[in-house]
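So, here's a batch of structures to check.
Two complexes follow with chain A in common, the first pairing it with chain B and the second with chain C.
Coming up: the complex of A and B.
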């Protein structure tokens, strides 16, 4: 079975190469025969990549340690569920998985747009997809082969990194990959349109829908990553500005910029070159993100797979794609010129333009901070670090500006906003924000940053609520529907617009969770003997005792505690440390009581032979809102994507 | 097994006075473990991290100031142990370039809007005389074509 997979990826390289040649010739000569050959090559390639992926997964389940990758990332004790997640535990499997997701996307593209089979851009997009597939097939065949054999075959494998033995790891990496790889489709649509010179509305519509889809999946991946870090890393937070986290956030920011500026193109025929550039940049950043984390160029917890050859291949690909993309944009420059002009600074177009500057500024600051240790090393010869303190300092002001624009964007009018329009739309939200900040000041609640952030969030939510209220009232007046029915049909009739507003509301709710949980976190270290109690903030903890035990692949020590607040029992918390036998890596399982208003989070830090424990206790207010807001954001995106009922193309 | 764990996570006796200072100090450092895990010390869970946190606590207990602890750590583990770039020399670039780039972006966007806002070059407007002349020519053209 594994030989079948191995030969599938070898043969696929030939299939994809032949498909690309057929596609190039077919586009040049407008030959249907060759264009169809290219399409079939893409379908056959997907089948071959699926075969290779399934055979590697099968090797994990069969404990086939003759394959080096299987021996490196699994063992006989590894629970069966993690035999699947081990596929993306290391570099070689991750690249194959990248390829697998790309081939699924390519097939989905061919199927979703099958009605356009007679159009040239359909095939030029396919050609670009084959090109990207060719690059990753070259990686898998020449630089990062997951089917390398071992002889003699070891009796057991090294085991899986314990950090990856978490249910979120079954969803988080595939989501990130699906989001990352999904950005290839809008890129291919844009480049395909440039190649054949068909720069009408067709490409932009396809691009927008595929970008929203990938953007949503990437957002879910980022949120799940945060949840995993919160549950598994035991430091009371969810975002540590690790290079891998940054690599996922940067293209998400540029894709967000594109989703806003594309509206200006659709509505006013402007920013066409800018939109092409954003699509190209987003794709390059997904590749660069993979490169950053896979080549070892940036030291990271995830850089367990460092290979200079691989880095060289990535760099060559990035430079080539950037040059080709820029060349194509330059070639079609005349067709991409703006049809209209911005009429006022006080217009939605201008706000979107500045929103783009802020989003790109954020992406640049994060990318620059992530790469700065490498740049510093190149210039000064020694290595320095850039940690969370730096990123917080640089990005928080920009995120605050972005928050304000999140409220202004949906409510300001296109072309030119009048003074009366501005007063009508913004006076109440500004008042609400100022009152909120005033309340914080009046009650002497600590800090300045958090109240400022909360004020901005109140502004955004007030803007959105007012917009929904005004529009549904107008609909109710014209149709006679009840308030809720009017709101429902308002959203249903204009999914893209109101789905977008819901996305903005989700972003604001997530921001609320971030601001409150980081601004007002309480952290305390306590030492307790069995039977002793302690008080942290308004919570009383009673330590019941330590337990030792064994899992199939690890030993553990558990501390059990009862938690009471204001005389009301909240529940029993169990926090543990595990020591995985194969890897000898310690690992924390946090104890958690989660409510809408707060999380009570306990980490077992140390213990003595006499049974005394040292605990790190965190009270994280409103941290659940981070994921709650994420859920609202995803719901809004789904509403945007939902196809119109009863309408067929 | 307990003793193995204790060796890994042994933490010094916590006293209220340094516990607060340690919380302030730890976020300033990266984990300097030999594996180069590359994580912030505050977040790191590798087997050496607890030892480094303990070292911060011991240095603070010995009466060193925050600057003193930083110096000791840099001396022992190199400049990469600090979680922020030095705000001097080439390290300043890290602090200056992002705001400069964003400022430049804002200026370019503002300039673009300003340029776009300028009305396009004016085409001379049509006079009544022009319209009359055009209508006469149309009539002439229609009559010569027999319609």
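Coming up: the complex of A and C.
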């Protein structure tokens, strides 16, 4: 079975190479026969990659430790569910998984747009997809082969890192990969359009839909990664500006910029070169992010061992894609010229452009901070580090500007906004924001940044609510529908627009969670003997006692506590340390009570023979809203993407 | 207001390009210049006395047999850190130890060096199991 997988990836290299040649010739000569051959190569390649992936997963389930990768990341005791997730636990497997996701996307592309089979851009996009597949196939075949054998065969494997034995690990990496890899499709559409010089509406439509899809999945992946860190790492937070986290955020920011500026192109025929550049940049950044984390070039908690060959291949690929992409844009320069000019600073176009500048500024700042230590070491020879303080300082003002634009963008009119229009739309939200900040100051709540942030969020949410209220009132006046029915049909009739507003609302809600939880977090270290109580903020904690026990693959020590707030029992918290047998590494399981208003988060730090414990306690206000906002955002994105009813084939 | 002035302009456009370049320049300048306030140098154990009082980072390996806990149930820890050149420094850290911290693990500490006690007072301790992801193949083969 595993030999079949190995054979499949070797053979696929030939299939993809042949497919690319056929495609090139087919596009050159406009030959239907060769274009069809290329399409079939893409389909066959997907089948071969699926075979390889399934056979590696099979090897995990069958405990086939003759494969080095399987021996390194699993053991006989590993629960069956984690035999599947072990596929992406290490370098080689995650590279194969990447390829697998890409081939699924490629097939999805071929299938979704099958009606365009007679069109040339359909095939030139396929050619670009084959090119990207070729690169990852070369990686899997030559630089990080998942099918390397071990001889003699070890009786048992090394086991999976306990940190990765968490349900979020089953979803978070595939989500991130699906989001990352998904950016290949818009890139391929854009480059495909450039290759054949078909720069009309067609490519933008495809591009936009695929970008929204990948963008949403990437957002889910980032938020789930945060959730995993919050649940597993036990430091009370969810985002640490780690290079791997940054690597996933940067392309998301540039993709966000693209999704906005592409609207200007659709509406006004402007910014064509800019949009092409953004798509190219986003794709390059996903590859660069993979390079950063996979080649070990940047030190990180997530990073894999240093691999110079792999790193070199990635760099060569990035440079050649950048050169090819820039060359194509330059070649089609004439067709990409702007049809219009921006008429006023107070217009949606100008706001979108400003939003693009801020998003790219953010992407640049984060990339700069992430790469700075690496570049510094190369240039000066000594090592430095750049901590979270830099990222917070630089990005918070930019994120606040972005937040305000989230409210302004949907409300301001195209071309030119009049003064009366501005007053009507923004006086109420501005008043609401000022009142909020005023209340905070009046109550003397500490800090200035957090109230300012909350003020911005109130502004955004009231802008959006007003917009919904105004439009649905207008609709109910003209159609006679009830208020709720009018709102429903309003969203249904213009899904793209109102779905987008809901995405904005989700972003604001996530921002609220971030601002409040980071601004007003309470952290305290307490020592308790069994039966003793302690007070943290407005909560009373009673320590019931320590229990020791065994799991199939680990030993554990548990501390149990009762939490009471103002005489009302909130519930019981169990926090534990586990010692996994294979790795002998302790592992923290945090105790958590999660409510809408706050999270009560307890980590067992140390304990004595007599049963005394030291606990690290965090109260994180409104932290759940971070993920709640994520849910709203995804809902909005689904509304945007939902295919128009009645246009189904 | 800008609205009015742009209305009077003959081609009805505004010079947004200049503003964008300006904004990009400002953001870029702020980012690049502010990094020097936040960069933290890595210092080797031998150079620490020269950097006493300054906030620095030291990277190395936790020495075997050098880990002392302040007392049972307490979370303070003192240990010897061997840096990449092989020099050793005593580190004291108060706070919750990361799970990966143990003898032989790779560790990074952040804090200040106290020349009088010849001890490094760490406010941040990061640890990484030496074989965190790339679980050594050698160990797998040896087992057989």
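As a working rule, the second predicted complex is superposed on the first by the 646 of 649 C-alpha atoms of A that agree within 3 Å, B and C clash if a C-alpha of one lies under 4 Å from a C-alpha of the other, contacts with A are read in each partner's own complex, and residues count from 1 in each chain.
The rule is simple: a residue touches a chain if its C-beta (ideal position, glycine included) is under 8 Å from a C-beta of that chain, and two chains touch if they have at least 3 such contacts.
Since the model is a prediction, treat every value here as computed from it, not as a measurement.
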Partners on chain A (chain B, chain C) - clash or fit: clash
Which of chain B and chain C A:237 touches, first, second, both or neither: first
First (chain B), second (chain C), both or neither touched by A:419: second
Chain B versus chain C as contact partner of A:523, first or second or both or neither: first
Partner chain(s) touched by A:72 [first = chain B, second = chain C, both, neither]: second
Which superposed partner A:386 touches (first chain B, second chain C, both, neither): both
Which of chain B and chain C A:161 touches, first, second, both or neither: second
Contacts of A:548 with chain B and chain C, given as first, second, both or neither: first
Touching partner for A:89 - first (chain B), second (chain C), both, neither: second
Which of chain B and chain C A:152 touches, first, second, both or neither: second
Touching both chain B and chain C, residues of chain A: 234-235, 301, 303, 341-345, 350, 353-354, 357-358, 360-361, 364-365, 368-369, 372-373, 376, 382-387, 389-390, 393-394, 398, 525, 527, 585-588, 605-609, 614
In the complex with chain B, residue positions of chain A that touch it: 233-235, 237, 240-243, 298-301, 303, 338, 341-345, 350, 353-354, 356-358, 360-361, 364-365, 368-369, 372-373, 376, 379-380, 382-390, 393-394, 398, 523, 525, 527, 548, 555, 557, 577, 579, 585-588, 605-609, 614
Of chain B, residues touching chain A in the complex: 1-6, 8-11, 14, 19, 23, 27-28, 30, 36-40, 42-43, 45-47, 50, 78-86, 89-91, 93-95, 97-99, 101-102, 105-106, 108-110, 112-113, 116-117, 120
Chain A contact footprint on chain C (complex, rising order): 1-3, 6-7, 11-14, 16, 20, 23-24, 27-28, 30-32, 34-35, 37-42, 57, 59, 69, 72-75, 96-97, 99-100, 102, 108, 110, 126, 128-129, 132-137, 139-141, 143-144
Complex contacts: residues of chain A adjacent to chain C: 65, 68, 71-73, 89-91, 150, 152-159, 161, 163, 234-235, 301, 303-305, 341-346, 350, 353-354, 357-358, 360-361, 364-365, 368-369, 372-373, 376, 382-387, 389-390, 393-394, 398, 416-419, 525, 527, 583, 585-588, 603, 605-609, 612-614, 616
